[in-house]
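Just so it is clear, A, B and C label the chains in written order, and each chain counts residues from 1 on its own.
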Amino acid sequence: MVDIQNLHKKFGKNQVLSGVDLSIREGGIFAILGPNGSGKTTLIKAVLGMVIPNKGEIMVLGENIKKNSEYRHKIDYLPQIANFPSNLRVRELIKMIKDLRKPTDEDQRLIELFRLEPFLDKKLGNLSGGTKQKVNLVLTFMFNSPLIILDEPTTGLDPISLIRLKDLIKAEKAKGKTILITSHIMSFVEEISDEIVFILEGKIYFKGPISELKTKTNQPDFEHAIASILTDNHA
Amino acid sequence: MKNQILFFITIFMAWSSIAQTITVCKTCAVSTIQSAITQAKDFDTIFVKKGTYKEHNIVVDKPLTIIGEKYPVIDGELKGEIITIISDNVTVDGLFIINVGTSYTEDYAAIRVKNSKNFVIQNLVLEKLFFGIYIEKSRDGKVYHNKIIGDAVEEYNSGNGIQLWYSKNVEIEHNFVQHVRDGIYLEFSDDCLIKNNVSTLNVRYGLHFMFSNDDVYQDNLFEKNGAGVAVMFSKRIKMYSNIFKENWGTASYGMLLKEINDAEIIGNTFEDNTIGINIEGSNRITYKHNDFKNNGWAIKVKGACYTNTFTENNFLYNSFDIAYNSNVNDNIFDKNYWSNYTGYDLDKNGVGDVPYRPVKLFSYIVNRTPETIILLRSMFIDIIDFSEKVSPVFTPDNLLDNNPLIKRITW
Amino acid sequence: MLKILKYSFFDLMRSRWSYVYFAFYLLLGVVLLFLNNDLSKAVITLMNVIIVLVPLIGTIFGVMYYYNSQEFTELLLAQPIKRSSIFLGQYLGVALSLSMSLILGLGIPFVFYGLFESSAIWDFSLLLITGTFLTLIFTALAFNIALSNENKIKGFGYAILLWLFLAVIYDGLFLMTLVLFEDYPLDKLSLIGTMLNPIDLSRTLILLKLDISALLGYTGAVFKQFFGTSFGLVVSFFMLTVWVALPVLRIVFKSKRKDF
């Protein structure tokens, strides 16, 4: 599904990714984890073509993504902080994104799911952070693409919406989709992901199921396993 | 009875001798103008019928009236001067004179008046000429309603439309002069009146004065000449209600004043000229009720000019209102309207509360380095002009209009 | 690209700032014409406004829009749309909405004033065309600055500096150069100097209309050809087009290589 070879990226003097090799098979939920500044978002953005790598190759669904924008038809992406043009109404934004990509009817179901009907005619500038995130989710999930990338999807969500989101992600997985998630909420990651990819100092430190990580670090639970990696490497 | 008959005979003879007319036409007994003049007695009238007469060096040596009917053509065939008047009381009317000879040694004219009095030159049309109407050492005449169309391209081989030389008290009215060197030229000629003429597209000046005093010119239009009007070395010239327009070019101006004293310049319009009035060494001149509109420089003062007064003029949208090449000023600017004035009138008396300073620093800079003109109306220039306005260094600091008017003056 | 342009344009058309800008010009037009009643004076004042304010507003607005829509841009970047389309679309959206505010804001009062029967229509059209060009140029320059500077404060700073440089400082340096080298023939230099600054270029175009009498007083042959014939007009418009094209090309170039 996604094949990354020897990916390097530098921002100025700051080496963010130094030789990432990663292969993600089709189907399943993959959590990308790592401390702040480890390069999670950079990695995701490189896959999306938003960050141009200094070195290395990225293949998505068998296509090299260099100088290509068509492959993004097959990706749904949820950005980390969603700030939309504040003058636009929710309805218009959804219509606009559909206009830019392709027509779909999924949005109705998602709007109902996240109870967004009362906000459809509100301007985006007047929405709360959580509501914006819900709109963001609608925009992401309505296209039914084989690859879904979620950057901090839980930000600002209330517990009920969180549950709905989890259900939604699981449902997508059941359709055989590939889902990449970054999150800082360990319980969320543990509950939902099949495999985790741990990035440390610009390299893949660990890739595999959570159980494997627990054995590797000799820790009984996931949170401590992560913590032990961090303390070991920063000590 | 006999006495009575004699009396009537005398009267008849006297009458016939005054009113005798001679008709010239191609098929008449008299077929040339020169022969008609030779045959004519004093105070006869010669009628010239329509047709073409190839003649030159026609000399009018007695008081005659020569009238063309339906504009007969006198073709000089480029051989020299065409008509020369050397007698008093001559009237020439309604001729179409073409092909005056060109010479570098003699000023051939279509029609010359020499040492004569009481002449009238009117309703002539002159084309393909060297000099047009040349009045020489004559006085008390009229040049009225003539049309002079030359084809001058360069100064050195062209002549003037109407030229006065050592003449006095001549009225030049309603003439139309185009494409000659100087439209109207006065040299050593005093007490003349130049009125309602149109002088355009001339190579050098529309009107040119040299060493001529006490002349008046008014209601004339000078447009698109090499330069509008040059008034040089003359005294007490009155210039009223003329229009000076579109005299464009490097050394071009609506009016040039050089060594002029005690003149009056009133009610004129200077519009779209590179320089409205260019003043050099001229003193005691009154400028009043003139409109200066859209000129590059409304007034450019060079050299020493003393006690001139500029009152109640309108300065409208000129690139520069006044330019001085020194920072000394002895001239008075008062109660003018300046469209560039940015002051205010809090007491609502129609007079601005802050004086206006018509000389800009930038005009000083342009004077020094002409290429800088390209920065005209730049914000940087506005800033340096402002600072100079606050504390004048390069421009005369007493050059102020202390009573700038708020509204354009009408009169 | 047209879709992005459409959305950016409508987004801006609904923004408060477009109205402020539009209202400002409307007010300016009305005040100049109906309180002053002097068309020639109005055109001169408008010229000052256009060569000073239009670039400033274009720059500030361009930078502001870019930074404000950064997150939205990221959303678009993840969509299957070419990068150049996104940025050109946004750029044109800003530039066109600003131009429209300018043209309508000034145009409406002038039309009511009876512009079409007036001889000033050419001067006025020239002003509007120049204003539009300046908007296109300075918005593009602003996008360039914003694309090269992640830091908003820096971006704004550079934008203001750019405007200050082109509107004021450049002319100061230009003037100094001309005065220092006054012994040499300078007419070519001065024309080239004008071509290199879009504000000066626009100013020259307007001078061709307003101050032609003064400009023709200068002796240089190059000057004369430039100002005396339509040559100057053609060259100036050509250079203005180049001034639009270069920064726009850089937007395309830069956007392809930028990380978000």
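The rule we apply is simple: a residue touches a chain if its C-beta (ideal position, glycine included) is under 8 Å from a C-beta of that chain, and two chains touch if they have at least 3 such contacts.
Computed from a predicted model, the values in this text were never measured in an experiment.
Asks: Using the contact definition from the top, classify how the chains connect: line, ring, star, complete or other.
Replies: Looks like a simple chain-to-chain line, open at both ends.
Asks: Would you mind checking which chain's mean C-alpha position lies nearest the centre of all protein C-alpha atoms?
Replies: C
Asks: Could you tell me the distance, in whole angstrom, between the mean C-alpha positions of chain B and chain C?
Replies: So the centre of chain B lies 47 Å away from the centre of chain C.
Asks: Taking each chain's centre as the mean of its CA atoms, how far is chain A from chain B in angstrom?
Replies: Centre separation, chain A to chain B: 89 Å.
Asks: When the centre of a chain is set as the mean of its C-alpha atoms, what distance in Å lies between chain A and chain C?
Replies: 42
Asks: Residue numbers of chain C touching chain A in their complex, please.
Replies: Going by the criterion above, the answer is residues 3-4, 7, 11-12, 14-15, 69-72, 74-83, 257-260.
Asks: Give every residue of chain B touching chain C within the complex, in rising order.
Replies: Contact set of chain B toward chain C: 248-250, 252, 272-275, 294-297, 316-317, 319-320, 339, 365, 368-383.
Asks: Give every residue of chain C touching chain B within the complex, in rising order.
Replies: Checking each residue of chain C against chain B gives 38, 40-41, 44, 47-48, 51-52, 167-169, 171-172, 174-175, 178-179, 182, 186-187, 189-191, 193-194, 200, 203-204, 206-207, 210-220, 223.
Asks: Please give the residue numbers of chain A that touch chain C in the complex, ascending.
Replies: 9, 11, 45, 48-52, 69-73, 75, 77, 79, 81-85, 87-88, 96-97, 99-101, 139, 149
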